[in-house]
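Structure first, then comments.
Chain lettering (A, B, C and D) follows the sequence in which the chains are written, and residue indices restart at 1 in each chain.
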Amino acid sequence: MSRLKMGMVGGGPGAFIGAVHRLCLAMDGEFELVAGAFSSDAAKSRETGAELGLDPVRVYGSWMEMAADEAALPEGERIDCVSIVTPNHVHHGPAIEFLRRGFPVVCDKPLTISSALAEEMRAAVASSGKLFVLTHNYPSYPMVREARELVRGGAIGRVRKVYAEYLQGWLADKLEDTGQKQAGWRTDPARSGPGGSLGDIGTHAFHLLEHVTGAQVTRLMGQRTSFIEGRAVDDDAQVLFELDNGANGTLACSQVCVGRENGLRLRVFGTEGAIEWDQEHPNDLLVRWKDRPAELRRTGNGYLGESAQSLGRIPPGHPEGYLEGFANLYRSAARAIRSEADLEDACPTVDDGCRGVRFIEKVIESSEARAWVEFDG
Amino acid sequence: MSRLKMGMVGGGPGAFIGAVHRLCLAMDGEFELVAGAFSSDAAKSRETGAELGLDPVRVYGSWMEMAADEAALPEGERIDCVSIVTPNHVHHGPAIEFLRRGFPVVCDKPLTISSALAEEMRAAVASSGKLFVLTHNYPSYPMVREARELVRGGAIGRVRKVYAEYLQGWLADKLEDTGQKQAGWRTDPARSGPGGSLGDIGTHAFHLLEHVTGAQVTRLMGQRTSFIEGRAVDDDAQVLFELDNGANGTLACSQVCVGRENGLRLRVFGTEGAIEWDQEHPNDLLVRWKDRPAELRRTGNGYLGESAQSLGRIPPGHPEGYLEGFANLYRSAARAIRSEADLEDACPTVDDGCRGVRFIEKVIESSEARAWVEFDG
Amino acid sequence: MSRLKMGMVGGGPGAFIGAVHRLCLAMDGEFELVAGAFSSDAAKSRETGAELGLDPVRVYGSWMEMAADEAALPEGERIDCVSIVTPNHVHHGPAIEFLRRGFPVVCDKPLTISSALAEEMRAAVASSGKLFVLTHNYPSYPMVREARELVRGGAIGRVRKVYAEYLQGWLADKLEDTGQKQAGWRTDPARSGPGGSLGDIGTHAFHLLEHVTGAQVTRLMGQRTSFIEGRAVDDDAQVLFELDNGANGTLACSQVCVGRENGLRLRVFGTEGAIEWDQEHPNDLLVRWKDRPAELRRTGNGYLGESAQSLGRIPPGHPEGYLEGFANLYRSAARAIRSEADLEDACPTVDDGCRGVRFIEKVIESSEARAWVEFDG
Amino acid sequence: MSRLKMGMVGGGPGAFIGAVHRLCLAMDGEFELVAGAFSSDAAKSRETGAELGLDPVRVYGSWMEMAADEAALPEGERIDCVSIVTPNHVHHGPAIEFLRRGFPVVCDKPLTISSALAEEMRAAVASSGKLFVLTHNYPSYPMVREARELVRGGAIGRVRKVYAEYLQGWLADKLEDTGQKQAGWRTDPARSGPGGSLGDIGTHAFHLLEHVTGAQVTRLMGQRTSFIEGRAVDDDAQVLFELDNGANGTLACSQVCVGRENGLRLRVFGTEGAIEWDQEHPNDLLVRWKDRPAELRRTGNGYLGESAQSLGRIPPGHPEGYLEGFANLYRSAARAIRSEADLEDACPTVDDGCRGVRFIEKVIESSEARAWVEFDG
């Protein structure tokens, strides 16, 4: 089985997530990076291409050029897929362009910076007939898969309560004023879109809760805050929500929770049991039961569901981390691309992306109105 | 030092909390139970009195009778204090009566079933000049005291975020239909007041967060739910709130979180650090710092603040639990009674009780209006 | 039911464990302290008696005097039982004297300071026909009871491995030179006996492992160390052992493990499952299974065995700690005294005490010989 | 920077660790696998080579052939390094052959199956002047590096106690009778050498404790057991040991601890502090202090030592696992190979390998003699 040829948009010097994508797409030998437009600055793009040992001919000064030139290459030589890892405002353009030229797209989240643009992307996916994978990576952890099967399969009964949170502390000071690149674009509405913490981490928590429960938020009451004076986007939000299955819950995301690293946590309570998962110790899944002791399920064990087992690489007790989880998503994408089949059930899609953008907008709308809003999305 | 003579209202056959109070008031040898009106059923009251080995003369058929008869006893013989451990609707009557007759009162929470009654109790305390202690027991854990000193003393900087939750699962089915006494009165609005979970556990979480931060809730947006069909009170609530110091946060209380036992947890994030405390492992306090490793502070150690140290009985590593925490509250009450002094700073008062009742009412008001409300209490 | 009258030997000013015993014997209303010889210094004994509000007539200057005088009191007035909480070298004398005069005895561990004396105590128990309870308190925690039932009942299959440890750090410096009373007698072989850490904490770990498994150590290889220069007893020991059921394991006890508080932990692995318990979080019992997820069993739940349930006082999630565990032992003792029946299966006896003293001696013998020794005791 | 060309010996169909090595050597783009003798069965070797997409010319039927043919290739084309991932009895042959021909060697642990062979390997390394890296991978976790710096740098004072353990449960039944390949060779003394659990996991624990403390075991008292009837090697061992710095401790390794996955844990106590690390949650390092709260240090934070920081790839809170740790070792090896410099201080060497083999032999010798033995290695 030969490797799929991948191209990348974004991920130039100083990017964090680009390097993660490169490591993860290569981890299981499914993809090989052969082309890239790593920066809107052609010199920087070449610099990254050279560091990665790419053929200079396939290192482009812009994604427009890359899309055109790659499409012109003969089949078998041109890229099989593109991965878009730019700041949020540069998802829409390349995604539509590459889809239009017939390339499957892997794209970072949030999908884009407005629902209008999101709908254009949804339409482009539909009209292209090509695969589109949104890199909400957390569902690809084995124990999230296990949680999802337990919840959706009814093991914990009807869902009543959902508590989702994503707490970080790295923006507790005005880091964007120091020239730190990650903080820079994430706090600039022109590049991040209207949501700060909402887009960066809130959408992960939102997606995770809908993904695991199989339910959809129908109404929400949100409040977003910029705790840092002069910051142009929210660095914190808290939300009450109702789900279409009668459950309700809370979602909190914050980037000013001093001392917290990457605290994404989901708890779902049903009529018969509950699940509890914490991204910082991702190989543990606590499953509570009504009249029995809680269970600790762990990655890699034979007692897990088939789907969770399929996501492990090494025996139980050998911790798999963030990169392995992320690589699972690329592995799923590769399978879908190879089979020209539908995306695996567990791969986030453009529809998930549209809901995520809508989530940001709805929390903002609710926060400004200080009122409940319908989530008609 | 002779023991203070205690009388009890409530705590008859089948009561849970009455036995806890008796055990805790006696634990440190500060009080001795000498009298009681343990039930509104005189036979049951006598039954409990006999089990406890009390002089039958001091076992009463009603709290009215007890207040009158005890007041008529000579000083040195009559009770020094009364503890009211009845269901919520029977706090107001005896509290006012005993205060009126000059007895200090220890009273279970929530204070009573409406703000109107609560204000009458506040007035009675004021006019009597007697001590009134509300048994919000959780602040008397040593590590809550430590948390409070850290937060109020400024060690974690200015407070930005507060997450409070109190999750239980014991009412996830309709236990009140089985004749279970605890479930019976707690789900009967005539006895519990308008709040179910809100009164029973939500007020604990609310009090704890204000107590530790020293800030007050000024606005809230609440949603309460009865997940069990036919249940007359809420068994779940979730609340967004703003504090008078510019912080905001969430509060969740639930009695339908299957598998949860007594999950009271508080997290407070400031500009420089954070505290995290979980009642189920009460001797651990996690303290996070901005650019330093998190610390694990533990009951009984010499590095704790003086106040936290004063609440321990045994060396570090010898776990102190719920009963010891509760007994600390009685120990503080004893000191205040003996000194005829003001209540210790850490003893919840009638004012805390009034705020708690107001909290219940405000969440209900907000929930019904589906709108933010001012907490003008 | 009237309270049993208790007398105490030891527990004068500055004692730690005497106060614990007093608190625990009174906690459940089974005993009432009425007499004591709290110190070998009569003035100090009176001081403590006065603080405790005892009738001065029943506060004695020596245990000899107390035994004689109490025995001379009429039945119904004299003590029903005596609790001996002195340093190790003053267990043998009073125990034999009170037994001889017909009093049931509760006695602190280790039983005494040599096997010769221990055998005299065993003989005295036998000839008196009176109850003798050794206060190895840890087996009285509910979750240790649950562990024992699981292990002895065969739920985890045949036992193969046992890891016991008891790690403290409080003697990591030469505290005995500072006048600290607890450190003083514990490091003085004349008062503690030949074992330091071995007697103080090693015997707890040793008893716990035999108690939970129902097996007996048959051979051991021990090494004891005094890490602090000039310390006259061991402050650390480590032991390999074999059990009579074919299992083997390790035991470590140390009082120089800086930062550790009271780290008693037991792990038992069988052919089908395993248990793991840690005294510092005593309400959690981890139960591992061969091909199933591990379970977390917690104090107070209905899914526990009957015996474990009988040891709880309050609902699940309300932590019970060291004092409640210790009080459970007194409650068991009270039941045995009242019924004039055999000790409950779970109460440590003089036979356990003899084994504990033998354990100390055998580890010392093995350590000095640097050789395996038979545990013929 | 071009990738180093790697060849592999072993890692054919059904191997677990071969695939891990391939994934980890490629993870950071330092190495590229170009050649292999994956099995002693030429057909199987070709099968694996094909799966990996290697040039068939560089897929060999034996390591002898591979060593000869690769050496004959021109520089720049031939491999830069070989990785030996065969069962223990096939380390010695290829290692010496490849060293002799001038290739740096990465070799799995334990080094080999006897001290005599180990010394031949040591001599071969010396005479070749080539790099030799033994894949004790656990020291390459960031938090083990942090622990090592704290301990060796004196932050916790003089070391007194060391507790090392490595507990697994996967061999609790006679898995080797089922045809399971991993169990097969590991329980066959002809292939594993005389130690079973001792070689497979005991050497990891032994290496880790010496690596972190910088001290060497000078004497030990060991006991090894085969709990499974008919098993030809030990599946469990427990050891007391003394270190050359005056400390002592225990080491336990077992593969019959039902329910345990990959429980490698190290605790080191010094005069001022202590460290505690558990491989199953590798991003947490607990650091205890004498009179201060314990600290929780976590991978990726700026407060860590430089060396620990250099081993992370992603921000704090994004868990790095077993594969990342293992890849760190390959990254270190690549740097050493490129610089033609000495191995980095943290890379295990042939000397470590000799000590590991000696450790196995000494525990066996002690176990058979039931006596302490000098560790003269």
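Note that in this section a residue touches a chain if its C-beta (ideal position, glycine included) is under 8 Å from a C-beta of that chain, and two chains touch if they have at least 3 such contacts.
Since the model is a prediction, treat every value here as computed from it, not as a measurement.
The chain pair A-C and the chain pair C-D differ in C-beta contact count, and the higher one is C-D.
Farthest from chain B, judged by the mean position of CA atoms in each chain, is D. Between the Cα centres of chain C and chain D there is a gap of 43 Å.
Centroid to centroid, with C-alpha atoms defining each point, chain B and chain C lie 35 Å apart. Averaged C-alpha coordinates give centres for chain A and chain C that are 55 Å from one another. Listed for chain A are residues 260, 294, 298, 301, each touching two or more other chains. Across the complex, chain C is touched by residues 156-157, 160-161, 163, 165, 169, 172, 221, 223, 225, 227, 236, 238, 240, 248-250, 252, 254, 256-260, 269-274, 288-290, 294, 370-372 of chain D. Contact residues of chain A toward chain D in the complex are 1-3, 16, 19-20, 23, 26-29, 51-53, 168, 170, 260-263, 279-283, 298, 300-301, 313-324.
Taken together, the chain C residues at the contact with chain A in this complex read 286-287, 291-298, 301-303.
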